[in-house]
């Protein structure tokens, strides 16, 4: 499609692909995981060919997500270092949620919330991975107490992560002009200037 | 068993010694648990190992394997010295009062009449003093120094608790505790039962082990009582029946004895076997021997056996020596046998000294194995690596393997250890071309007959004259056979008191062996089974399990020999006047001019107490024998060491090397040389079976292989520590005759014992494994065992021999 | 707040159902369950006896089919006979495992011979087996039968041939074996009774 | 048998109650350890009846074989040689599913209908519904369920539900030669145990008692122990078993709450959007940049 050549490149094709691999994995994991999480969700297992297939596929998808998330992690790690400005942003996040972002501190490529989300995701994936391995009976056999702990951690972290991802997704929907960054990589300059002024300046030299 | 399985529940005290009932007979053992639960009975286990029987015992005492007579002799001494005996019983129902030949002696471990060269006894001094009528003299006061009671007292006075403990390794307090518990059953209304098995028989003095306990049971008045008796827990499901059919060279069915070379004719044969009463008025039941024997000859030779030809007496082979298993294999080893048949028997694994057995089999021209399964014996010629290292090309024996059917594929009767004969029905055909045993035997026999008829040959008469009345000659039916065993009237059987009265019509089945005749008018294949298929039909198939007495007698279930009697010697359960010693467990009582009760009387039904007919009707003296001249190795049991003993002398007779081990046990040339000495083989070994297994049979069953898959040996923690062996290590166990390798199970359940001032360790060797089966292959344990048997029964000494052990 | 375990479960249950109602959407599967079908329902029952030890426990053998001509009876299960007064339906591990002995892969199915010096079995027919064995027996008997001993007594004995008889065989088999052996003049025979 | 399908007390991962009007007799198996000879008849009968054959293993230096429960050994005997004050006791315990009144396995199971508790108390696994996740293993306070390596399904003792359904005793109870395993109504079994305890106490076992742990609401497999004060002597029988608090936490409050929380986040987002409206790039900025471009 034709785009404004002046739009700013926010993500490269590789980065977008990586993100969507993680994203798709997450959706599949969420659906299959929810099937085991609560009886009300069990019919979701049908999406995977039934409970047994859901049980078989879930951990493999988990490994795939972990690996692809690692890619993202190393790509974006340095961009997500917290700065004092981020902390201030986070302190004033209420205003942002209220829809009043005019007085928010100037942000670089990522704002404090996004950075926080990044680290929460990283920690969650790590925890899910470790606890998931503990639960993966087809290939591992850990002491039953470790498995019990693993099950609690896995479920709790997964639930939290689903919540955070919902926030992540909603934020993308709510902040208009965001999603296209992950579809075809560019954002408008106005979007950048409004939401990530520091980054806008860096990109445009203005 | 003098009693039967369910009767165990009537006991007040159960002794498990010389056996391991919980493991070898779990379903019979349930009646021990029942006695404990319902009668508050106590269970005592005396064993070298803390067995699974001991796991549920109230008291356990350890003992050195091979020291049972020392232990039980000590019990006799305890009972006599503390006067804990059932006086009335002993006085009237045993030969305690009988006077013995004054020349009878016991000196330095040897009884009078010993011939050291032949290793046997001349028994003329082991005899009763007889009066002018030929009756034994008695001293009712039991004070005469030559009366059995006094002789016995003197004989066992040497068995002090201290010496007993020194010989058996049983701590003195444990020994005395067991004595005390046994002594409580001297009360007329208390009974003790003894459950033993191969732990007593498989010694060079096996029969005497059992006799020692028999003496105790007589002293305590426990024979013939519900919940009492001497109870041999036997091997296979039908070992009792096959024993009754007497598949022994030396016997004929029903425990008749084979004629030997001295029995030149029927008259001589019968005279020697038909005893005269030794006391007045006794039943002396064996006086009927001629009736049993003649009826057998009529069953086998039918019309060909007549008074004209001595009832075909000469057609019976006459034996010229011993033909027990050890003797047979000794003959085979000497190259004196050409052909051999193993029917459901695996001698390579189950006979001592596997090397000798294998060598013996290799000397045969032909071996026929009739079996449902692939036995080790059938492949004795095949190299199975370390488990059977042989060179097939050097073994010239032609071996045939014939598939036969199993229990599930055949109809017929089995006799359980409690003498109850029960019928079973075929459920399905056997696999492939397998056939019933009788069909295989019939086809071999009929083929031979055909060959002799066609080509002639040596002495075909007996073969040709053998009755073969079966409707399908090649397939004798079990029903036809049991009817033949039971016997029938060949001509009308008349009442001897009133010749006009016909008791049984010609052609009818006999109802009891009381109807047998010695004039050829009856036939009977086995007199003790007479009544099993009477004119009314197959009594072994009866299935009414009602038990109105609550004693577990179930008289209408199957058929017990003799004459459906469930507890033998049951007359002894009542006093002289016929009043039961314990009214709550009445087996028999004298009422209204006859014996009535909850069992078939072991007594003439109308024998009034005043007649003085005593309960042990098979003995010409009518009473139980505390002094038994019939034994080969002494009228009183005496402790002798196993042939492989950890001690260098018999502590009872330290100065007489001749009395170290059983002086009357037979030892073959070449076998004495391979007995090990304690300096090279310091540990006592004992072989046994585990509850999960039945000999070498269950190694073909996956279910059993799963629950106890791999060969192991058991040793105590102390020995394991000394030898640096840990549980799970592979060990090598050597005896003078070979070695085996197995996994070590180190356990608290086998303790080192203090014997004669030294520490004696026991090595437990479960037998089961071999080179054929679905269980893990293992060594045949009988590679290690010595080729020597009991002086009376020739049962091999599997339970006490010497080994060494090391980490493999 | 003191919450007993039972109350705790109730609370949890309420939470669970409450949350489910909140979610709706997915209806739970109908609560159905069925036990494994009873495998002996129409099997044929035959009364028999365990062949192992001398307790001689009664057993019930279950076979497929109803004994009609075309339905081959196959043993599928063996359990204790509750009527038998001794075992009253119980069995030991040996008896309980009888099925695997009856169905052992080591069951012999046809006669075989191992020729002298050979290292393998060869399948033969029953006729061959019986003929070959009886030829051996006759040759041996004719050569070694003793009619009279040195003293001139008739002994009619054949002791170069031996027989070990099974204690797991029926009485009837034992009896017939004894009868035949004596008829042939055999004396060197035994059973497991001593061992 | 068809009616049996309705006599269900609980069903795994199912939120609606099963038909519960019919009350069937609560059954129980009583294992009288004091009468047990450790013969393994129960193990063999179990394999035979249930058509399972474990591997032919090896001897590891003890009598226990197979050494542990497996998907094909639903019961095993555990042997403990205990020596105290010079007296040796060989404590032999038949291990297997206890059929808890509050079954941890069922609680943990995420697959609807894979674990059923029948109204008679039997807790049965239905392998056709099992997804092989192994959560039942974490839920069990007795470490009983095993996942088969062959089909990845969970297996354990069914208390021979097929036999009980037609009015028969479980194979192990029927076979037990010494009567150490009894089967009947739970009431009967408790009465029988009382009788046994009187006998054991008369034989000097003052601490004899019934093992029917209340931590799991009682069990439908109970033990008579001579040393009820120290169940751990019997190869580690748990003293006061209960479903692990971790499992309780995970399967108890937490999941519904988490579900609600997730729903709340979703709903919160929705309402945020409709109340606050989208966060759009301001028109001024866009215009400003357009202007710049136009220059």
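Note that the chains take the letters A, B, C and D in the order they are written out, and that residue 1 is the start of every chain.
Assume a residue touches a chain if its C-beta (ideal position, glycine included) is under 8 Å from a C-beta of that chain, and two chains touch if they have at least 3 such contacts.
If you're wondering where the values come from, they're calculated on a predicted model, not measured in any experiment.
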| item | value |
| --- | --- |
| Farthest chain relative to chain A (centres taken as mean CA coordinates) | B |
| Innermost chain, where centres are averages of C-alpha coordinates | C |
| Chain centre separation in whole Å, for chain C relative to chain A (CA means) | 66 |
| Separation of chain A from chain B, taking each centre as the mean of its C-alpha atoms, in whole Å | 83 |
| Centre-of-Cα separation between chain D and chain A, whole angstrom | 38 |
| Centroid spacing, where centroids are CA-atom means, of chain B and chain C in whole angstrom | 25 |
| Numbers and ranges of chain C residues touching at least 2 other chains | 16, 19-20, 23, 28-29, 78, 87, 90-93, 95-97, 99-100 |
| Shared interface positions of chain D, touching two or more other chains | 13-15, 39-41, 43-44, 48, 53, 112, 177, 179, 255-256, 259 |
| Residues of chain A engaged with two or more neighbouring chains | 38-40, 42 |
| Residues of chain D defined as touching chain A within the complex | 13-15, 108, 110-112, 129, 131-135, 137-138, 143, 147, 152, 244, 246-247, 249-250, 254-256, 258-259, 261-262, 265-266, 269, 272-273, 276-282, 285-286, 288-289, 293 |
| Contact set on chain B toward chain D in their complex | 22-23, 26-27, 29-30, 33-34, 36-37, 40, 50, 52-56, 58, 60, 691-692, 702-712, 726-729, 743-749, 774-776 |
| Contact set on chain C toward chain D in their complex | 5-6, 8-9, 11-12, 15-20, 22-23, 28-29, 31-39, 41, 77-80, 87, 89-93, 95-97, 99-100 |
| Chain C residues touching chain B - in the complex, by the definition given at the top | 44, 46-58, 61, 63, 72-75, 78, 83-88, 90-102, 104-119, 121, 126, 129-138, 140-142, 144-145, 147, 149, 151, 153-195 |
| Touching residues (chain side chain D, partner chain C) in the complex | 1-2, 4-5, 8, 11, 13-16, 18-19, 39-41, 43-45, 48-49, 53, 102, 112-113, 116, 118, 124, 126, 158, 161-166, 168, 171, 174-177, 179, 215, 217, 242, 248, 251-253, 255-257, 259-260, 263 |
